[in-house]
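Each of the two complexes below includes chain A, the first together with chain B, the second together with chain C.
After this line comes the complex of A and B, so read on.
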């Protein structure tokens, strides 16, 4: 029952903080949209159409050739999960918030390590996602390709010779590809260069978003950068261009951190020390404050100012402190104040646990 | 060379946090003003007059009967000390800032435990001070009496049958007595009752001041309460009335703390935890922030929320973080920023020292 583990444990492979450039680049994600040619788009699906698609996907991922290529995948209908468990999948970045609406028609397919997920009957019939730690867009894209090929052995996707893959929303037509990286940029924020850097990113036709996707604000100095155009470029072009931009931003961030250490070491040590002191001793903490302090802590860990906290713990904490995880842990719906107390307790426990 | 120890070590008996009511009442002080009848008041003294007075005091305190009664006292002329060392005596509350002005004419007599100090040629020829931890006004007054009697065996004090002891400033005439207590009142501050309580104190004819006497603001929730009138009341009346008021305030403060624990335990634990976290991990700290956080920490220690920090360490830190101690420790004059870095380091060292 791997879905149980997924909703009960915060850890996910993408939080491992082990990939290339992982001090700046938290994770890399590639997502493609696919639709079955035999069915109307998701928003026009009847309940039985939806059920049929879910069934087809289950058969496709259960196929022995597919397993050999891509690994064991498990399909879970959204209605099998409680509202809190569904929300946890969003907070772990395994599904989009869209999959929560009208969830009775929807399903998710997950590989045990949570690197691969397939959303079924979201805006498109299938959205294949691959999520890896660090800068691994190329690796994610290769895995998506395998997954796509494996599925195409059983499923027939809507494809137009000129337009490419057809999607429910025209902005996804063509490659149907969205590639994104999650960047932690406290250095650029501290030296007041973040606006310039992100401005440049926008001019290159890339989108900048906060931690939880479109419309969310950047908190904890985490920024998500993704391609906007899906048509008229090959997948490889899109991936390579994002790799190049992400690499350049990572280099600027590293330079910013070096400058800070050179010119304002005490201030940075103070900031990191205060964050650790508060995180490990406060008794009430809002999610906003926690994310802000965890960002400072992550900076301290990456600058080796704090050596007893593994970087993956900081990333895990950023997810763990979110409401759904706390409600799940409490076993019932709790007040916002009770959550703040629980959040502080959880952070204290985790941070002092690694020290002792 | 006990004066060396006094200026090199922060510890003083009054910081022991061991007397009655010491959770609220930090220290008790009794001071009397005396003048030699044979000499003009201090502001009219020639250099040789001043020297003669210092010499008389030295002889009086060296007298064998006196030693038997009061203990070994050591006289130090202010000119034997560096400016920083003189300032340290002020920060330890052993002398008043007035003794720093025109210091060439002045001296201080100290008992090794720093409970007794005599300022020579301050506003009056002699100011005898006794400083004890907790609520020990009665004990301090008894000790002052012994000291006074001992000195009167050799010295003749200016005394008027109707007016009592004559002093340079008319507000001290009569008993020449000032008694004061230093109170730590975070509970009354937090429940917003401090204004009422202190208003009542003023109406009773008592003066309320901050940590470093007249004209200084109350920082760290520390308030000094002292008698204003020295004439028309016996010494015992003055002392007893202050004991009674101090006891009542201490009771209100304890009630406030109990109410806070009952109604807002998490908030108080959070406040105390955050203070400890910041004090033990920050790298830059102003004296204002340190005093504020040490006040929260003292509250936590007295409420037994923190059991590994002795209360006297908190009181010692409140003195240790002041500029003169830091400059003395640095061995040279240092910038305000360097002091902030040093202060944070010192606090970290002391607080983590007791834990490990």
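After this line comes the complex of A and C, so read on.
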């Protein structure tokens, strides 16, 4: 898949709704921060330094040994994309919002299947990211580890004998590793246990965030849980403790869903049915409403109350209804009302498409 | 003025935030302003994180409430001053970690509970790190033996250092 296809198609491998625990755990992400030892960190880079870094990353990923090990990667400078296309990459979770600011100095490297991406000149010179569906943190770390080894053959990373990998922000120093899982927890929200569970998670030194990362609110009952500490633990320790916490949360979510089915079956069926009804018939829909209803629909699909909608379609719809995708589809900048109309139409079309 | 976010359309919305008594104005075009509002992209929380870190660090230097940008030591490699770090929460380059080492240690312990990496060692750079540490150690010994006028031993050490320095340079190619 080329960058053109990436910005034109919603689908990405992480939306496949495959992999362990995928009825609760939507996706797993591992990213590591790396900096070139010869350059100041990103926020102090001159334009020519920034270009040089982009160039060396291009050379490193172009190397034939690297291609053999990691696969075909394509580098795109952010300035080659339109603002809408850049925003689409954020909406697909392939890059962070940080890459949109000061974009002249920044670039993204994507593997064909969009599982691996490298952000160039984000807060750190390189942010290597791997995104997989379901609970696959170990698999994601293995891929990142291989990618890192491959890059290190040609690039020299800033590394300190006691502190490990050096990063612009001291919160990332050491392993530079941030692992996260995106969880869909409507059951725990409905039985009012979400606060307890998330409270426990933060006591374990993990951070809880909304769908679009740092500082965003949890919408659609989607929560992102990630490690806070990057120094003093091995990468495997960090990954394993997150796997264990994510597994336990998934188990409590499943228990919550079972309890709801046992004691309030009609209420849940009603909720799912209403969501499906509105999604497949409404003519005007804001993004907040759509996200809320899609969450109910996803719950219904995973409880097998609705069997004709594939789970990956619900995840794709979550991304498809974001503003940048709608503007891209419209082919021009449209008002927020026009977006609401278009959003409703798109959801209707997709949902009736699978029924027929 | 063009929009700070997309840097293409003209800025028509001027958002002013006041966080910790610091005022910041963001200039956005209409579309980005809507998106920022709608999606609630963590502009504000990100600043909070850095401010928070800066707070951890600025406790250590003389005046926690006013940290002039030019205050304190400067990193010889990138020119970043302690004051700048205290304001932004971001270090300037790898050498800053050595320059501000001791004070940063406290920051690391507060954030991570430790100040020692136990994870991955990069194969190539890791080897070089070890080699350059060994060279440093030998150089210290060389100065000691010269001080004691043990020239035979000094010559041995000098040759050993030369070989290792060649190795270090060779690996860098």
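Definition applied: the second predicted complex is superposed on the first by the 355 of 356 C-alpha atoms of A that agree within 3 Å, B and C clash if a C-alpha of one lies under 4 Å from a C-alpha of the other, contacts with A are read in each partner's own complex, and residues count from 1 in each chain.
To be clear about the criterion, a residue touches a chain if its C-beta (ideal position, glycine included) is under 8 Å from a C-beta of that chain, and two chains touch if they have at least 3 such contacts.
These numbers come from a predicted model, not from an experiment.
In the superposition on chain A, A:160 makes contact with chain C only, not with chain B. Applying the stated contact rule after C-alpha superposition, one finds that A:109 touches neither chain B nor chain C. When both complexes are overlaid on chain A, the residue A:235 reaches chain C alone and has no touch with chain B.
When both complexes are overlaid on chain A, the residue A:269 reaches chain B alone and has no touch with chain C.
Applying the stated contact rule after C-alpha superposition, one finds that A:37 touches chain C and leaves chain B untouched. Judged by the touch definition given at the top, the superposed model places A:168 against chain C, while chain B stays out of reach. With both structures placed on the common chain, the touch criterion links A:100 to chain C but leaves chain B unconnected. Considering which of chain B and chain C touches more of chain A, the answer is C.
Chain A residues in contact with chain B (one complex) as well as with chain C (other complex) do not exist.
Contact residues on chain C toward chain A in their complex (touch as defined above): 4-9, 31-32, 34-35, 38-46, 48-50, 53, 77-78, 80, 88-94, 97-98, 104, 107-108, 111-126, 129-130, 133, 172.
Interface residues of chain A facing chain C in the complex, by the touch rule stated above, are 35, 37, 39-41, 43-44, 83, 87, 97-98, 100-101, 103-104, 123, 145, 148-149, 152-153, 156-166, 168-171, 173-175, 177, 212-217, 228-235, 287, 322-324, 333, 336.
On chain B, the positions that touch chain A within their shared complex are 266-267, 269-270, 273-274, 276-284, 341, 344.
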